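These notes open a run of structures that come right after.
There are two complexes below, and they share subunit A, which is joined by subunit B in the first and by subunit C in the second.
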Partner chain A sequence: MLSYLIFTLTLGGIYALLALSLNLIWGGVGMVNLGLAGFFAVGAYASALVALAGVPLPIAMLLACLIGAAAGLLATFATIRLRGDYLAIVTLGFAEVVRMVALNERWLTRGSDGVSGIPAPFRAELGVDGFNLLYLALVSVIVLGVFLTLRRLDLSPFGRVLKAIREDQELATFAGKSVTRFKMQTFALSAAIAGLAGALYGHFQTYISPDHFQPLITIYIFLAVTAGGVGRPVGALAGAYLVVFFLEATRFLGELFTVLEPGQVAAIREVLVGLALLCVLHLRPQGILPERIAPAPKPETSV
Partner chain B sequence: MTIVAQAILNGIMTGMLIAIPALGLTAIFAVLRYVNFAIGAYATVGAFAAWYVNTRFGLGVFPAALVAFVAGGVVGLIAEQTALARLRPSGALAVAIASIAVNLILENVIRFIFGNDLQGFDLPIARDWRFAGLRFGPQQLQTATLAIVIMAVVFLFLRFTRFGKAMRAVADNPDLGRLFGMDPARIAMITVVLGAGLAGVGGVLLGLDTAIDPMTGSRLLLSIFAAAVLGGLGSIPGAVLGAVMIGVGEELAVLVLPATYRSAVGFATILLILSLRPAGILGERNT
Partner chain C sequence: MSSFTFSRRGFMGGVAGLAATGLVPHTVMAQDSPIKIGALTPLTGSGGPYGPVMVKAIKAVAGEVNKAGGVLGRQIEIISEDDQTNPEAGVRAARKLVDVDRVSAILGTWASSVTTAVAPICWESGTLLATVSGADAITALPHQGYIIRTQPTTILQGRKFGEFAVEQGVKKLFFFSPQTPFAESQFSNITKAVKAAGGETKSLIYDDKKPSYRSEVDEMLAYGPDVIVLGGYATDTAVLLKDIFRSGYEGKKIAFAYSVNQKLIDSVPAEIVEGIFTIAPSPAESSSAYKRLVSLIDVQNPDPYTTQVYDQVNLVIMAIAKAGAADGKSIRDAIRSVSQAEGGAVVDNAVEGLKLIAAGKPVNYQGASGPCDFTASGDISDSQFRYEQVNGGKLKLLKIA
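Then we have the complex of A and B:
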């Protein structure tokens, strides 16, 4: 039971990174990324493959961030100036193409067999339980670090520019901000965080395959961010852990309804995820921890 | 040479089928200004409805396609009114995200009822016709003809009926439409029935060749989007033109690439067209 809890918390931390990544661009600049699962996969494969080739883990993970960021720029350069709809379509397509490449380029990714034997730090020395505990600590520290950095960013002049762009792109341009540059920087940073989450996932599971990076993950993260509160890093964090616990709790549905086949139980779980997302969007679009926007200073003279 | 000609022929045939759901997507975008990701699930709903009446009651392709239109349209309207319409004031992205949730829900409802297995249609097997070294499947020709008929009906509907004219007017300028006494809510509903219904028919036509499963529509999503974006989101003739180009492009690409990369063609096209000409071939010039 304890090891199950540790596993769930580690997964929660990895989802939290993805949620922070989405919140940065969605809450920050108002762009959506429907290809989150794709960037997650890119990071996981990049880090796993170079680590298997003998590169030390910290460098492998850093590389995953860089490749994630590069993929982010590649996927968005064409749409960054357009309406958000186009970015949504392109990112969705990106994730599909990543999955296709992972399935077909067997020389690189070993296709549907997946990559196994991914190095896990100190697993041999600590044993399985010790490793899981250490990894939970590692993931949690990284989540905390990313969270604090993003919160700092949120309150910095950079973060204020982002919110200005979100609220009124033309006004931000008028104020002399290079909207395109800010958007690209933010998207690259966000994709890098998703890549890092992927790297952490791969070295934790020690096995990855295209099936681990279904588009469904993206929907889980959207649910996490909307439930937590778009635009507030702590909301994304809370939302991610909440979603992981929700998912794990619904895993036991099958035991309650023994008449159903396993496939049907899986279908019910996914329907519940969809319904939860719709409920949040309709009933509490601002999330559990809504964004706090400081009131604008009162004008000196009233007209 | 014959191989290329055959590929182009097949591409045109497939393209005309992709055009049907692409028309649905682009019509909804033109009037309601949001990208509906649930189009995939509407196509699946249509495909399963048609499959059900085909295998249970022995209905042929034409009546089954009509059933698919009704099923897609009704499910689309219910989804719109319960899950999407109220989010319109929150912006296009909120509605688009909600439509992804709708897609997930519908797909899994179908999976719950019919299971994950592939289901095949019950159709007479016919030998291919040969003409000038090219192969024509009778089934292929029948669905392509049906697709052309449907496109013609849609064009006539938009061009000559009161609702069609009102839809185009609202798409051009919603405020002006309201000024002339058009009820935006009603026009939105008709557009959704038409769009989701077309998606449903598209699901059957594309599923006839192969077998269908709950993911059928979602797998088509990228090609449908590519067609609509290539032609210019919101442009009705653009969707048809874009779909045929995507169909041909996919068939030509699989001559040199592994067949599994088929839908990557759509993605590459989207990237290319958006960097060169974001409004698409026949699109409006405001992005």
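Then we have the complex of A and C:
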């Protein structure tokens, strides 16, 4: 049971990084990135492949961030004129492109066989249990670091500009802010975090394949950010852990309903995920920990 | 207007309560607690049509053994999880089976990517993994004997497709397939067989989620084949077949039996599928195990995966009895002594097998999917194949060889 909890928490941490990444770009600038799984995949493949080529793990993970950021820049560059639904569709397309490349460029990615035997840090020295614990600590520290950074960013002038862009792009331009530059910076940072999450996932699982990066995971992360509260890093963080616990907890429902066929239990689990999202949207559309918008300061009145 | 209030505490409490339901049954541990075996099948996702029947077969066998008194004086409990035909979800499910339920074996992983993702968890925790996946790379993993596979390798399957095409007098063969772990190996083994007979081949890998395959079909027509081989799954093959029919292609078509199955045949107009040959690792249909399986789960023509998991669960249960212990390592060490003991009494189910084992006699299991003899790397050493042809909306048996 303990090792299962450790595993679930580690995975929760990786989901949390993805949720923070999405919250930055969606909650911050208001750009809908349905291609999250694509950046996740880019990071996972980048780190796994260079690590297998003999590059030390910290450098491999750093490279995953950089390549993720580069992919993010590329994607923003291609979509800079798009907003709202159009951007969403294009980013969804980007994720599928990544998956297709991973599936078909066998020389690089080993195709649908996937990349197995990805090095895991200190796994041989620590044994399986020790490694899992170490990795949980590593992921948690990284999540905490990224969270604190993003929170700082959120409260800084940079964060305020992002929200200004989200609320009214023209007005932000009018106020002298370079919208394009802010968008590109933010998208690159967001993609880098998703890439880092991918790298952490790959080295944890020791195996990745194109099947890992189906749009399903993007949907889970959207669920996490929506449930947690769009626009507030702590909301995204809480939402991600909540989603992982929800996904895992629903497994145990089958044991309560022994009359149901296994196929029905599985279907009910999927229904529950959808229902949970509907409930959150209906009962608390702003999320569990909604964004706090400070009231505008009162204009100074002359006495 | 009333408004709902939805407190954070209430929500968190609910989720925690939900999570805690999982803790309850596992705190009870007794000497004669049941032996737990995991079923990890695709209940949703693209493998969704197969999983539920597979679990049904596994549970039916366990029920039958339990009714006869269980194994080692303990009952068998089957714990089913859904791998969602997705390796990420499959790993989470496998973790739960291994860490929470402490199953000694996991049966039935279907998609090759799921099997490869789950395999390290199994060999590191000393859990036996019995799979129906076809990718050659799986048994090449460093699995220390913890993987056994009842599905013939792609090398064998590809050769059978090629040889059958040669029997049909192939000159130019065109191979359609989505990108699967076995597409490349399948094609190269088909090519080997066809080239040996003086023919030639060409392959096209397509995206299995497209709504139409006109451009792919045009490419096929440009090549002018007299035999085409369809390497896809049911959903994409149905779409592809419609476009092939529209194109007016009149040559022969060969497909996997798992894609052109009765369900697909019933779902499309008859002329689209008429005359297609299907090949599958043959469930040993004439075997007594197969007949038992049919009556046990009350499903006519169970698919190959169901016959395979039926064999897997029977083998695991007998291996537990043979080893006298229910942990994964003991099962691993004992499984070949019940699947292929030399001079062993031939059995087709665990209930009979357990009696013989209790009497100290060697057994040699002959299953519903075939003889179930395993090589050192975990592959089955021999399999029969079943050749059928669609005839008037029904599959007609040509031969089993």
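Some observations on this one:
The rule is simple: the second predicted complex is superposed on the first by the 284 of 303 C-alpha atoms of A that agree within 3 Å, B and C clash if a C-alpha of one lies under 4 Å from a C-alpha of the other, contacts with A are read in each partner's own complex, and residues count from 1 in each chain.
Simple rule for what comes next: contacts are C-beta pairs under 8 Å (C-beta built on N, C-alpha and C of every residue); 3 or more make two chains touch, one makes a residue touch a chain.
Model, not experiment: these values are computed from the prediction.
In the model built by aligning both structures on subunit A, subunit B clashes with subunit C. When the shared chain is aligned, subunit B and subunit C each come close enough to touch A:104. In the superposed pair of complexes, A:281 makes contact with subunit B only, with no contact to subunit C.
Contact with subunit C, but none with subunit B, is seen for A:211 once the two complexes are overlaid on the shared chain. Using the contact criterion defined above for the overlaid structures, shared-chain residue A:94 touches subunit B, although it does not reach subunit C. Of the two partner chains, both subunit B and subunit C are touched by A:270.
In the superposed model, A:293 lies in contact with neither subunit B nor subunit C. Judged by the touch definition given at the top, the superposed model places A:259 against neither subunit B nor subunit C. Residues common to the contacts of subunit A with subunit B and with subunit C across the two structures: 100, 103-104, 216, 261, 263, 266-267, 270. Partner subunit A is touched in their complex by these residues of subunit C: 4, 6, 8, 11, 15, 18-19, 21-23, 25-26, 39, 41, 43-44, 48, 51-52, 55-56, 80-82, 84-89, 91-93, 95-96, 99-100, 111-114, 116-117, 120, 124-125, 135, 137, 141-142, 179-181, 183-184, 205, 207.
For subunit A in complex with subunit C, the residues that touch the partner chain are 1-4, 7-8, 11, 100, 103-104, 106, 111-114, 116-117, 128, 205-207, 209-212, 214, 216-217, 242, 245-256, 261-263, 265-267, 269-270, 283-284, 288-289. Note for the complex: subunit B touches subunit A at residues 29, 34-35, 37, 83, 86-87, 90, 92-94, 96-98, 100-105, 107-109, 111-112, 115-116, 221-222, 225-226, 229, 233, 258, 260-261, 263-264, 266-267, 270-272, 274-275, 278, 287. Here subunit A touches subunit B in the complex through residues 30, 32, 34, 77-79, 81-86, 88-90, 92-94, 96-97, 100, 103-104, 216, 219, 222, 226, 261, 263-264, 266-268, 270-271, 273-275, 277-278, 281-282, 285, going by the rule given at the top.
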